[in-house]
Amino acid sequence: MGSNDVVRVGIVGVGIMGADHAERLARRIAGARLVAVADPDEGRARDLAARFEGVRAGADALELIAADDVDAVLLASPGFVHEDQVLACLAADKPVLCEKPLTMDSESSLRLVAADREAEERVGRRLVQVGFMRRFDPEYAGLRTLLESGELGRTLLLHNVHRNASVPNADFRSEMIVRDSLVHEVDVARFLFGEEVVAIQVLSPAPTSHAADGVIDPQVAIFTMAGGGIVTNEVFVNSQVGYEVRCEAVAERGSAVIGRPSSSTYTTALAVDGLGRWGGEVPADYRTRFATAYDLEVQAWVDSVRSGTPVGPTAWDGYAATAVSTAGMASLASGERVDIALADPQTLSHSASSPDTDTSENAPSTKEQP
Amino acid sequence: MGSNDVVRVGIVGVGIMGADHAERLARRIAGARLVAVADPDEGRARDLAARFEGVRAGADALELIAADDVDAVLLASPGFVHEDQVLACLAADKPVLCEKPLTMDSESSLRLVAADREAEERVGRRLVQVGFMRRFDPEYAGLRTLLESGELGRTLLLHNVHRNASVPNADFRSEMIVRDSLVHEVDVARFLFGEEVVAIQVLSPAPTSHAADGVIDPQVAIFTMAGGGIVTNEVFVNSQVGYEVRCEAVAERGSAVIGRPSSSTYTTALAVDGLGRWGGEVPADYRTRFATAYDLEVQAWVDSVRSGTPVGPTAWDGYAATAVSTAGMASLASGERVDIALADPQTLSHSASSPDTDTSENAPSTKEQP
Amino acid sequence: MGSNDVVRVGIVGVGIMGADHAERLARRIAGARLVAVADPDEGRARDLAARFEGVRAGADALELIAADDVDAVLLASPGFVHEDQVLACLAADKPVLCEKPLTMDSESSLRLVAADREAEERVGRRLVQVGFMRRFDPEYAGLRTLLESGELGRTLLLHNVHRNASVPNADFRSEMIVRDSLVHEVDVARFLFGEEVVAIQVLSPAPTSHAADGVIDPQVAIFTMAGGGIVTNEVFVNSQVGYEVRCEAVAERGSAVIGRPSSSTYTTALAVDGLGRWGGEVPADYRTRFATAYDLEVQAWVDSVRSGTPVGPTAWDGYAATAVSTAGMASLASGERVDIALADPQTLSHSASSPDTDTSENAPSTKEQP
Amino acid sequence: MGSNDVVRVGIVGVGIMGADHAERLARRIAGARLVAVADPDEGRARDLAARFEGVRAGADALELIAADDVDAVLLASPGFVHEDQVLACLAADKPVLCEKPLTMDSESSLRLVAADREAEERVGRRLVQVGFMRRFDPEYAGLRTLLESGELGRTLLLHNVHRNASVPNADFRSEMIVRDSLVHEVDVARFLFGEEVVAIQVLSPAPTSHAADGVIDPQVAIFTMAGGGIVTNEVFVNSQVGYEVRCEAVAERGSAVIGRPSSSTYTTALAVDGLGRWGGEVPADYRTRFATAYDLEVQAWVDSVRSGTPVGPTAWDGYAATAVSTAGMASLASGERVDIALADPQTLSHSASSPDTDTSENAPSTKEQP
């Protein structure tokens, strides 16, 4: 499309993320117009659509994807329906921003890598962007810029901390910490090192009493990178306190931290217990902490649809992350280190193997891939 | 206009701020389209327009303001032409976002207060928003919310610090520190106290050797608020270091600071002098520090044009700030405290006197006015 | 005395500071032995003495000062008895560490300056050290070292903040804030600028409701230094929160802050109100904040008694601080700026006028004096 | 000895630590007198003694230990001579402060545990204190107090970071990182959890180019505590930057960090590269960072000699740390997790098994032991 045309967007899935993205597209993003939302729960879709002018609602994702007045699709549906929906977007030659995880297992993710390559050969650009929004967070992006600048020398270690105040206890299982939370650190490690994760070990500390029975929380995971770097990760989803995401990179001549506690207002005041305290508030959840990252991610996606130049995490990034978290779930069960063998990207396509042909400033993507 | 229509914006003045706003409107703001730019230096206007599709350039501000396809005007022209241009917008019943200062002296600012009141009586809404963007900065807005919540009790003092790395030495005069820099602190004091400034004293320390001959820099200014609160201000425009803007509010049961040093990446590394140092970078200028504030200001203005509900600093706010900085220039000359007598808003309009009839969440405005 | 002899110390005054110093001398200071304490309330003196082995108690300060087994005297008595007690120490050729204020008015302080000069001519060293312990605080001492290094260029401004949680309301008067609290900032300004204060203005904001009726609290004081530097000071003795003492120096090529909030343990935890908060505790009072400063002050004094080389603030420093706070009390009453004219030190002694002949590392003293 | 007698101390070993302790005892510690130093390099011992009055020097450690005028011994000699020297102190019934490591292997450390128990049965108090000075650091001690208070719930994880600017490359081996550096984190883990370490795994990242050939640096070590807690550790001895020691404890209702970057003076200034930067200096080495901890450790030891009540880390603490670091060196070689089986303290003595009978305020010791 022309670079000045307005992108007409359809959203599939109207849960928390879908509704959040609808607000974003309608109120804060330049160059886009929200035209349709779809969700199996059609009433909920209708409620969301009613918040805006000129947005229609439906129950059928594939119908929305195929609609003539939808230029591009944002998938905020559950991971287990992603494969069909992404394939439908590719079949319609439509750019798609797919929330993470790309799919629920490595095989289906790999099929999407191949399908996106075929689309690229057909339409001249890859169509899939995966929703690892942290790559658009100014702090993570700034950290990558710093590490790539070489100012601190080669990166040796990362230390990640990822805490949520709490998760719903019903039906929650230990594996979900690996698959839904730790997967962000997997992408961060690949993004900052510019290398694949080759092994993962997930350790099980004595759990917090705030976790549901049988749930291992917190977890400590160790990644080994292709070049020998090591990544330590704490994931703690019932920390009671708030949303804390922190990353420290240790390099040969210095270290750098992002995600330090910060808040717009810093007070020195009397606490309820009568003690004077200084400090600030911890954000309640990821929507506060990563509000800017989501805005920048969706703006970059809309801009890329207009310009024809893809940006951000690729289907390969989605596949690799899924492969690592699958190995992580096996390690969680066994306690042993599990090696990860990715497919050979050469046998798939040159597209998947060379994401770095995209050199635009606004396109954070993994630097090197096998 | 309808709340889903796209606002067609014209920008008058294509200096640093005008160009910055053009990028913003074209690339980051929902619901707006940049259609025209005007500047006496028509070549420069043409260069800017050429960066975007479908934007025309001209030399004549009044022609742009009058154009049928311009729904709203953003004035980034010098202060001494503001009066005529704002009056032209009002005559055309067009909403205008006017960069600060509103005008160069209190009398002309007061004429615009009256003119905006007449416009309000005619079209049902005030049309002038003044570009005190700090009110949209999440830190300043959060501080006002905290102070208004009463959690810390009544506000007693503010301590402001405002530093620039440097200013051009040619033609720079001490008064410009009061008029162009300190005026932001004047608006901050009014915004956070919700009261008028009733007296100002500007002190002249022995100046830095980095200031031009005869220029008093830094300056220390003391405001007295209508309710007896006191505000200390340091303004230092040749600090050599970077852009630092900080505000500490001291209240009966605690204090709060915004603008603490922060940067997206915090490093611990070897400095060039061979010493290990921790810390981060100071932003180079206001466009970095207040990038988000400008985005939110312009988005709120565009939204207000679509919805018909005005937001943000009013013509009265512009007038009051000009009156205080005029008194400040007198105090700089005499070294004495100068009292400020504002016009009686009752004799002007109920509009100017009751900005708080606007109670929208997105509408930071001065809480109380005489 | 020989540099390896143990100094036998007597303490006059057994209030909070006297008892604190007794613990310090008995338990944490090398090369000293506490041998006697005296207080008009002899029972209280006896209670304190009983905490240690071999310490005798009495009611008569002059008897303690004259005793053969007392090598040096620490005066922790009220300011209004200091003149007589210091003169008694000088008459006995005994080194004396006198808590601030040196005396209650400039004239009596000046008499002590002259008496110490006579002592110096007689015994070859000045004998009086005044208890401005902040000069021994590693933060203030480090700040002076930085400013003197010239790394940041000439010092232009200081911004001081000095807050106490509360003061007893009974008999408390606004002047006490100037005389007992602000006097520390007076000494800090002289110490960091290495210059005298030549004018002071004390402003009276609308007071906190936590102050007693008629008490002006907080106060804002402005000092003008001999070289044209300006110092802003907030003193707030009923802040409710805790003990906060902060100093920011602004110089030609950078600024430096000491006294930033810090605490040994920094937590991120759930506050009583159910919000996650990060930060730390504010110290309750000066004994926590300045514990190390007091230890270093008394150790330096004991070392100086053994070595014969005086250190730290002189009688002149005590006199100058008293002169400024006296002018400050006048300004508090009038609201006007009050100039300060110090005695001509040339007519007094070369000792008072050249404290910088002492160049030892451990001897923080005012750099320049008229 | 009587609680008011001065403790006459002899120091064995006059390297960096021995000389540092000599200065400390001579200039900053109450109640002690340095009387003798001994070192095989007698010239170096003589040079050190000459800095003080009345201190004699010799080459023979056992002669110093046996001397009648030496009440207590501070061992700053290399670890491989500790066993003989500690046994000599015990044979002479003299309290000994032994720098870490207690000995070079678990068996010899265990022999000292037994010998100290016999001494205790004979003289009524244990005589050995091991120099894990971090227990006296106000930050570590404050963290333990916080964790023991239960305010944050049960401790789940620790994250330790331990960086040195550099180590001498000659003869440096990877194992020394475990034995000499990581051993401090072993003691910290035991101190803060109040439990033994039951397993250790040492991981070998691709090393920094600043390490000598074949040296693994940084290293990442994982401890498993008896109660199931997990401790992650980064040890990096050629970080180039400075001395950084940090510990974060993660508990059920919050986390706490000590060792955050801090420096007495915090500047915002122009860096050599022309960028404005805020922040502070990283201490160069452990003597700066832990100066206060060493002072408090030695003062507590001197006080304990006078009072007869032992404080601080015991021979058992020294033995347990040695056992863990020995297992760590095995893990470094194999890459596998290594379990640690400590001796049964019951078969040794009730003393080693119940360090918590010492409940004095000033006695940080491991809370629980098997």
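Which chain is which? They are A, B, C and D, in the order written, and residues in each are numbered from 1.
What we mean here is this: contacts are C-beta pairs under 8 Å (C-beta built on N, C-alpha and C of every residue); 3 or more make two chains touch, one makes a residue touch a chain.
A quick note: this is a predicted structure, and the numbers were derived from the prediction, not measured.
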item: Other chains in touch with both chain A and chain D; value: B, C
item: Comparison of B-C and B-D by number of C-beta pairs in contact, larger one; value: B-C
item: Centre-of-Cα separation between chain B and chain A, whole angstrom; value: 37
item: Distance from the mean Cα position of chain D to that of chain B, given in whole angstrom; value: 57
item: Distance between chain centroids, defined by C-alpha means - chain B, chain C (Å); value: 44
item: Residues within chain B bordering two or more other chains; value: 240-241, 253-255, 268-270
item: Touching residues on chain A, where the partner in the complex is chain C; value: 165, 240-242, 244, 261, 268-273, 275-282, 284
item: Interface residues, chain D side, partner chain A - complex; value: 153-154, 156-157, 159, 161, 203, 205-210, 218, 220, 222, 227-230, 232, 234, 236, 239-241, 250, 252-255
item: Residues of chain C touching chain D in the complex; value: 2-4, 26-32, 52-54, 138-139, 141-143, 146, 151-152, 253-258, 260, 262, 264-270, 292, 299, 303
